[in-house]
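Just so it is clear, A, B and C label the chains in written order, and each chain counts residues from 1 on its own.
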Amino acid sequence: MNKILQIKDLRVSFDTYAGEVKAVRGISFDIHEGEVLAIVGESGCGKSVTAQTIMKLNPMPPARIAHGDILLGEHDIVRASEKEMMKIRGKEVSMIFQDPMTCLNPTMQVGKQLTEAIRHHQKLSKEEANKEAIRLLETVNIPNAKQRARQYPHEFSGGMRQRVMIAMALSSSPKLLIADEPTTALDVTIQAQIMDLLLEIKQKTNTAIILITHDLGVVASVADRVAVMYAGKIVETGTAKNIFYHPSHPYTRALLKSLPDTDMDRSIRLVSIPGTPPDLLNPPAGCGFASRCSNCMKICQTDLPPEFIIDGGHVAACWLHYENCPAELEGVKN
Amino acid sequence: MVKYVGKRLLYAFLTLLVLVALTFFMMRLLPGDPFLGEKVVPETTLKALNEKYGLDKPMIVQLAMYVKNIFKGDLGLSMYYNRSINDIIAQAFPYSFDLGIRSLIFAAITGILLGVVAAVKRGTKWDTAAMLLAVIGVSVPSFIIGALLQYFLGLKLFELTGIKFFPITGWNTALSKILPSFALSFSSLATVSRLMRTSMLDTLGQDYIKTAKSKGLSQKKIIIKHAVRNAIMPVITVLGPIAASVLTGAFVVENIFSIPGMGKFFVISIQNRDYTMISGITLFYGVFLVAANLIVDLLYGFIDPRVKLVEGKE
Amino acid sequence: MDRIEKGRFEWVGANVSESEGITRPSTSYWRDAMKRLFKNKIAVFCLFAIVLISILAVIIPIVSPYTISEQHLTHTNISMGFKDPVDGHIHLFGTDTLGRDIFTRVWSGARTSLFISFTAVFINVIIGIIYGGISGYIGGMLDNIMMRIIEIINGIPYLIIVILLMMVLPAGVMTMVIAYAAVGWTGMARLVRGQIMALKQQDYVVAAKVMGADTKRIIFKHLIPNTLSIIIVNITLAIPSAIFTEAFLSFIGLGVPLPHASWGTLANDGVKVFQIYPSQLIIPALYISITMLSFNLLGDGLRDAFDPKLRR
């Protein structure tokens, strides 16, 4: 399989009023053709920043790529000029956002917003672009596409708008689609429809998808691989199976424990993770999770844990996997 | 949409009614007498004058007469000039309208441009310069700007160069129209540019701008096609009040530049306690501005597709 | 990787209090806002200028050797910085056509203009808070009617209403205050209503209610701090508008009666002669402009300081 995207030791900072906020603190991952990679983590962990940095959508300044490489096919994103980015965005990689209610321009007809994207990357006449827009609306299952194209976004429901966003993102058959919490703002029943649509598209076009979410339920049903982010770092990566059945980082484990389960004994209370994530204005010297981790050791507070290979592609950044770690603590983790 | 238009029309009508009542009662409550200025008028003459202007009839009859005449479009006679107010307005308003519309257009276009530039180049020297200009515009009253322009560009520039760039007074040549229009537009320009900047910054932070960017559109295209159109909406809604401030501002600017417009007549009528003239001009301006507000509101309804829908659903 | 000694793998366990401790110390809203305001050099300078002008407006007319209507008929229209070699009279800003000392008059004018603006805006705020508060708090039909009334008042240019009022009431400083206060409150009322309406629906207020906080607590802990900042900003921006109105009215001949001097009447006197003696217009013009500018810039600074979006 072809590698579509490679990210190496990416660091993104925001220069704010109070100082430098290190939102992403050195993350690396790859994604292959036709693969769904889920990035999970709680709000503020840097997952959306990562996604937007791939397309250089964050306003710079205040955002700044402090270090690292982003290779999208043969394009070097970090060094690409704004002009080159204009050719990459929408064509090589597109994005759909969390809130479909605010992502469409309220004063422009939906069809127009689609043809605008189409004509930017393809040399088509107005009529051809129009036809293409209607075809795209049909592929995302919007009924009466012809009439719908002439309507304004407020005449669409939330789910319908997200379909329009997907149609727009697909208009130039990108190799990579980034979906930043595509279902968070939608009703549960609509969520499933949108996820099914995304999967259907992936199968048809072999587009790779980066799915950003904090909803582990969604991840379990669609993701091939999962990356768990905490405090600007990826703490664990692996296949969906690895993550769900053999979680190897205490944060992943805590996250899974906080998930309600249908066959769970009613008498067991949901487990929450005590404490709050560290302030990324002054990130801690050691592991970001140390202060909330029940397995925390001395070394965790002072040294950043390196990545330990658990099994094949399953990697966790946690000192518990160091060979010198006492056995009784290894016991705790199981 | 029909309901929206109907609601706007109703408000306009109510506003006018309040204005008519206000001017009427104000005028009747005024202390002093227009005929008792500096000169001593014989009792009989005074009585005859009061009769002529209907000031001896009971209040309610006066009100009825007043309303009747207004609906006929007759604003009555000026006590000071002893001329039909309609006549005076017909003669003076074209000047004021010309001055006002020039200022308004200049203020709107320049203000919007400045606001857009300031927002797009946020935090740069452009932004600082545009906003400095705007805050000065809001802080320096038009009569001061007018007088200073007149002094430096009208008088001093002529003394220094010997060439008459800008005439000091009047409203006949194209050059003579520049200084008063600019003086009058400055504060509106400032208001528009500040509002446009805020609105533009707000719009640029919207998600759909990010969507447009993620499509690969250029910054220029995003600003022109997506941002400005949405950011301009709040600016349109203040055009009504801005028209009002331009018209009232014209009172002083016309005086400074000796333009024979309504403002000059208005100030003279205030200084001479010319009741009928004051109420006539007030009403005329009232109708004019209520109409302007109505047009702006309707315009807004047509431009913003969301207004149509909200009303349509009701 | 070098081997790491065993001792460093000693178990510590979670230390939640420490994790809470790492997050930034939460500074109070007001202290934070003030800190931001005082970092803004322009705003601080403007605040200083306003305080200075206000103090001098009180002191200078008292200590000045001249009164505002005292005429020096031998020294009419003299220029700035004049010193009479005979009687030793000093006229810092010169004298006007009637030989009155401009320095004294402009500071006395400051007193009048600032008194009018401060009082008028103060009355506006009170009416606005009461009107907006009732409208927003009770809501429903009453709110609807009250807001329609404001809409109708706003349909008429406020200067026209002020001019009509000025003509009906006897000339004087208080008339000016009343005339401006009669129309100036609508903006404040709308603002207060909007804030209260918005706050009533805010999740945290609902949450506070659900958690059993009583009305008093909600009003003092949530409503007032949130509304107050907006009111303060609005006051700062309403004062220059009142100063402008005073100047405007004086300029068209509806100003404070003699012997009072205000910035507007001084500017009006100045315009008549300024082609020959420009300083007589430029001095009051500068006072008006600098004061309005200071208030506007301070208002902008306060708005930025209070804007929680800038926090972080």
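Methods note: a residue touches a chain if its C-beta (ideal position, glycine included) is under 8 Å from a C-beta of that chain, and two chains touch if they have at least 3 such contacts.
No experiment lies behind these values; they were computed from the predicted model shown.
Think of the whole protein's Cα atoms as having one middle point; the chain whose own Cα middle lies nearest to it is C.
At the far end from subunit A, in terms of centres built from Cα atoms, lies B. Separating the CA-averaged centres of subunit B and subunit C is a span of 24 Å. Our note on geometry: subunit A versus subunit C, Cα centroid distance of 48 Å, whole angstroms. Once the centre of each chain is set as its mean CA position, subunit A and subunit B turn out to be 53 Å apart.
Subunit B makes touch with subunit A in their complex at residues 206-208, 210-219, 225-226, 229-230, 233, 303-306, 309. Note for the complex: subunit A touches subunit C at residues 16-18, 21, 274-279, 281-282, 284, 291-302, 306, 319, 322, 324-326, 329. Taken in their complex, subunit B has these residues touching subunit C: 11-12, 14-15, 18-19, 22-23, 26, 29-31, 135-136, 138-141, 143-144, 147-148, 151, 155, 241, 244-245, 247-248, 251-252, 255-256, 266-267, 270-271, 273, 278, 282, 285-286, 289-290, 293. Those residues of subunit A that touch subunit B in the shared complex are 52, 55, 57, 82, 85-91, 94-95, 97, 99, 102-108, 116-117, 120-121, 152, 154-155, 165, 168-169. Across the complex, subunit C meets subunit B through its residues 148, 151-157, 159-161, 163-165, 167-168, 170, 240, 244, 247-248, 251-254, 267, 270-271, 274-275, 278, 281-282, 285, 288-289, 292-293, 295-297, 300.
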